[in-house]
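What follows is a set of structures to go through.
There are two complexes below, and they share subunit A, which is joined by subunit B in the first and by subunit C in the second.
The block that comes next holds the complex of A and B.
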């Protein structure tokens, strides 16, 4: 029997939630329509009802250790059906934002990033860093005896001003730092999840971590969770485009980064690629997908087609817009750089390319502190949920005995929580059986 | 008017299928040949202008007793009411033609029997003469709180004199204990400020209202229209005596005794208070911990404290949720640093008050969760920790508080009239010096009921008790099923929180309703008319006391306490208290009680008027007594739906099952009836009987009937009592038909034809 939970409302935390995203959170009267309607909150601990009351009570400790906020895929079914207009979807988004602030390393960067009046400063930092790097390129170049392509051979590339080695080194450095920071954040997050579950006597692993990672990645690649939400099928396509668009661009970037040493690239590497080269095509298609995806998402956030779009009862915050806008601008400046390259417009193309690089750096270096971090946190939460059997288990019934699932091949499902009756079907574990789902208690 | 002056006129309406289903000429022959009625007529459409016109013609020529055979008496009542005429209605439509096979022999026999009964009844009845008495039309309002003040003012505005008696030294009741009320008008977001002075001034300025503060009632003698009220010697109304016509009791409520809530920390923890105490503190402007006087920063409200709980108050007191919302908002206004935690089983903010709940929810410093509060204990020092289970947050949580407010419920300031009477009777037995078993029983009663001593409020001089009888949960009895504003004492109307726990707006409406009732009662009494449910009835029970044997059955069984008694035990009826149900008539073994249009003789004659075929005809005869409030309308509804019932039964309407005198059963058996069915309203805790306990009494008396049947060596299935509701018309038909089959199986009454 776990100890009673001593509730201690954190009024500052509550104030932040109520200020952005949770403006209507106090309207919730716990009818649980949101949890019932949520197609992703299926079988495990239901959300977002409990997050709503935890929010109302300012229970930071509970909310920070809650993986369910990340299992949410922001379809907005809950807000659409909420009879009180409490916008649980927006509250979940606000809690996710708080997660990022809370676990970010270092934390102050996250808080700064979320203040609109500090936007100039936040943009200034990558600009200055990049600017300094390019200004110092000559001295660094000679110090490291790096070569650069002669201007005579490739005069229309950007490499003269922005040498490849510089770009690779610089971006790898900051990406690496960002990655490190976000991994620390995710690590703290994971630790908090485990601690919370341990306190309740729950969270024991039901499979190997690798298997969970594998099945989570499969889910993500297929965008499975997006297809579950009924009002927001639209969310499926935009995110799919953005995801794979970004992935395509990332792939091409990796490819070009390794170009010099890549045995698969024949002959003399000519950069940039020609327009019809498959890599170039991939990059352009990816960019196009990214562009379309961003526009679709922003369109949805702005209310979309009146009468049709279900996002009309949702409000976007600065935190939301900052990320999607940056992504859009990256795409636009990227395409602009390409167009201007072909147009041979000096010095516009260099200026635009520089801006593009600044924006890319912004995106990457602020990854742990901005909405971009969802990439890591959501994945981690999904892995954790799968790993500990948080999803796909029948809802907890008080005092029901833990009965091993009637599985014919003898694989006993180790019920993760003492008072959760083991499976009707445990999503990943129980083999697809011919038997219909059995009610706990039925003799097999 | 005696029988010789009667001139009968029989009318048979042929409309509504009657003409097509019965041989009307044969019916007319029954009237003219068997009963020698001179004026026997029929009409195609009697309730139309032409038909009514023809009736009026006959009245002009001297007819004064009409028998109208046609539709149910519950229809066209005004059409067939003529000044100075006694009208008897015979139900040929619903009871005969609509519920039986047209143009069949049995149907014709039934029609003829009903006509016979109707004619006999018309012959034996008299037109009632209204009871005359000098009726005072002053309203006595007991209790000067919110409800009492409302009732007083509304009565005065309607033009009536009012005497307002209040036990405290000022008017206002609970309004003197607070400065804020939760809102009563849209948008239901802000509390109202109490302005008692204005209200009191309005009452003081009203010429029709006489106010006695610091006064209570010494005694009330008499009956509606003639209440002789004396006030106690102490207080401002010292020894005042006056007459009142009706009484509104608005004695209000007191809080549930919180000392019984030890498990919630009351009494043991210094900082656990009730919502009443919280109200006082907030009204004074500062919310402080009782232990050290420091301001309270974490206030927990425990809802349903000792309410909706079998161990304490089983009911909900309606207002505590809204009061807590008000107090939470109030606390936050007085100190924005304070936080309020509302722990509830449900939040009951009815109707538009949902907006008030939303208003409280908006406040970020007010926290809500559902849950079962298991305990309130002291943690460190006088700080408290509240354990709550099955909450919306988690299975078991603890909330830290420096002040806990228990939202306790309301208990009425009502006196249990019947219990006090029992107590006093026991005291009387001891005082008289009785001996033996009676003395022992009396002593035990005195001990067990000691708590009732001195609890009288109205001090009525009624044999059945000095105050209103109680129903559920110690609230005064009312006809809540049929007519919630009525009570079990005619002319006395409980109102406000004393009648049922409620908020001030509802109590205002309730008190206005009570004022209307009081006025109705006085006005009707001045016309010699009865109240609900026999509105306007001018008949009243007449007691032939010379033959009374002082058995006291009428005194005890009257549901309304109408009958007092003298030292010998002879009943002394108070007619304006009477509701004309006739239960006394049914109770009296000497049959000395009668109404001008309803008596033992009248019904016996009706029974004897039925032609019972002898046993060779194989046509059983069943008699059905149906109460006029539930059973009769149900039968009408069954007829309306063309549900067919047994052709062997003859129904006689009675005012109440309780008014059935056992001699009628004997008469029926002697007449040759094979079975007798008594159908009335449901009794029990959720009783529907419009006269409270009529069907219940019949149930008890049927025990005697069963004995009688045994003595006569008759099967006890021959007499059955059935209870149903007004909507049970289908069930009723099934019951009648099943009874019919049962009697058929048992066989003929062996006394038939003797």
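The block that comes next holds the complex of A and C.
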């Protein structure tokens, strides 16, 4: 018998959820339509019904240790079918955002980054950092008695202001720091998932972690969860374009970074690649994919896809817009510096390239605190779900906690999906069909 | 249902295969280029060495390699602005301002780098940077 679960509503947390994206959560009356229509929630603990009541009650501890919010890919099948207009899709997105804030290291950066009024400061930081690197360039060069130019292999920097060694060192440093920070965050998240499952006597691994990582990567590459959404496919293509566009550009970056030593780039003149070099063509195709994907996503967020049916339209917050806008600006300034380079406009091209670099740095150094972090958290949650047998074959592990009175109805809400055998789950299933009489943390 | 799933799995494989193929093309190209370069004779220099006894350019060789366009542009602007005073606009005047003097004689680019094709054009072709100086000027 597990220890009794003490309900600890967190009104501040609830206020944040209700203020940004989750404002309709209180309309939910736990009919479970959402979990039934959700094609992604299939075979494991059902969502988003349980997240709806956890949100209504402000159960931060439950929500913060819930991998299921990340299994949701926000197709809004649930929001479209919700008879009460409670918009579970938006609530799930708001919880995901709270995950990133909650596990962020250091936490204050996440809080700063997501306040619109601090935007100038947050943009100033990467600008100053890159500006300082630019100013310190010559003294570092002479201190390390480095040769200004490479002699064995001819590499022209894209901009004479930024030699290759400076860019590689600078961006490796900040990418490394961001990676470290996000790994700390994801490590905390993983620990919380394990602790929550251990408390409920669940979460036993059903296969090796390595196998789970492999199958999760396969799922991500194929965008499998996006294709499961039956009524709405609109996230599938834009995300696919952005994902592979980014991947291609990442590959090209790795290739150019190693230009000085890479034996697979033969010859004396190694960089820049000519316009018809397969690498430059890949970069241009990747950039185009990124551009198209970003525009499609923004169009969808502006309601251009849903048309009359506003229920399928996701709520968009500063958190969503900041990430997609940064990505779009990175792409646009990237193409702009390429065009200006061909047009030989100096110093315009150096200036645009500087802005491009600042935006790339913004994207990378704020990875752990922005929506970009979904890349890590979602992957971790998907691996966890696969690893512990949370998804896929029924009967799944059911987290059915013993609940302290007087709120024993309602929190054990892992509703079995209609077409799954659910003999074990039904014992734990509570007839939670009425709206809870009193909800803690009512203030907004 | 089965037809839907069949369509879905086709689509699934396509969304992975197409982008990965696109990314494999440059990698494959690099591998082939590398393999082909293995047997190649690398004793031949990429750029032609200056002929003759003059071994120094108007600036350091490395500086010239990365900044020659700046020098040429500045010299061009200077040449145009002072043309009214000095009367002469042309590449020879431009070079004149940055000349190398060897034993009292003025030295032109072509005195050391005899072939424009083997000198200028080598890098410009490799980087696909159009070289249009000589559509008006003579290489000298």
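Just so we're on the same page, the second predicted complex is superposed on the first by the 372 of 444 C-alpha atoms of A that agree within 3 Å, B and C clash if a C-alpha of one lies under 4 Å from a C-alpha of the other, contacts with A are read in each partner's own complex, and residues count from 1 in each chain.
Here is the rule we go by: a residue touches a chain if its C-beta (ideal position, glycine included) is under 8 Å from a C-beta of that chain, and two chains touch if they have at least 3 such contacts.
Computed from a predicted structure; not experimentally measured.
*Asks:* So, on subunit A, is it clash or fit between subunit B and subunit C?
*Replies:* Aligned on subunit A, subunit C fits beside subunit B.
*Asks:* After lining up the shared chain so the two structures overlap, which partner does A:274 touch, if you call subunit B first and subunit C second: first, second, both or neither?
*Replies:* Touch status of A:274: second partner only.
*Asks:* After the superposition on A, what does A:248 contact: first (subunit B), second (subunit C), both or neither?
*Replies:* second
*Asks:* On subunit A, which partner touches more residues: subunit B or subunit C?
*Replies:* Touching more of subunit A: C.
*Asks:* Applying the touch criterion given at the start, work out whether A:5 contacts subunit B, subunit C, both or neither, answering first, second, both or neither.
*Replies:* First partner only, subunit B.
*Asks:* Once chain A of both complexes is superposed, is A:223 in touch with subunit B (first), subunit C (second), both, or neither?
*Replies:* Second partner only.
*Asks:* Given the touch rule stated above, what does A:27 touch, subunit B (first), subunit C (second), both, or neither?
*Replies:* first
*Asks:* Between subunit B and subunit C, report the minimum C-alpha distance in the superposition, expressed in whole angstrom.
*Replies:* When the complexes share the chain A frame, the smallest subunit B-subunit C C-alpha distance is 33 Å.
*Asks:* Mind sorting out which residues of subunit A both subunit B and subunit C touch, each in its own complex?
*Replies:* In subunit A, nothing is touched by subunit B and also by subunit C.
*Asks:* Once bound in the complex, which stretches of subunit C touch subunit A?
*Replies:* Within the complex, subunit C touches subunit A at residues 8, 11-13, 15-16, 19-20, 22-23, 25-27, 29-31, 33-34, 36-37, 46-47, 62-63, 65-67, 70, 122-123, 125-128.
*Asks:* Considering only the defined contacts, which subunit B positions touch subunit A in the complex?
*Replies:* 339, 347, 357-358, 361-365, 367-370, 387, 392-400
*Asks:* So in the complex, the part of subunit A that touches subunit C is made up of which residues?
*Replies:* 147-149, 151, 154, 156, 160, 221-224, 227, 240, 244, 247-248, 251-252, 255, 263-269, 272-279, 281-282, 285
*Asks:* Help me check something: in the complex, which residues belonging to subunit A touch subunit B?
*Replies:* Result: residues 4-9, 11, 14-15, 18, 26-27, 29-30, 49-50, 53-54, 56-57, 59, 62, 398 of subunit A touch subunit B.
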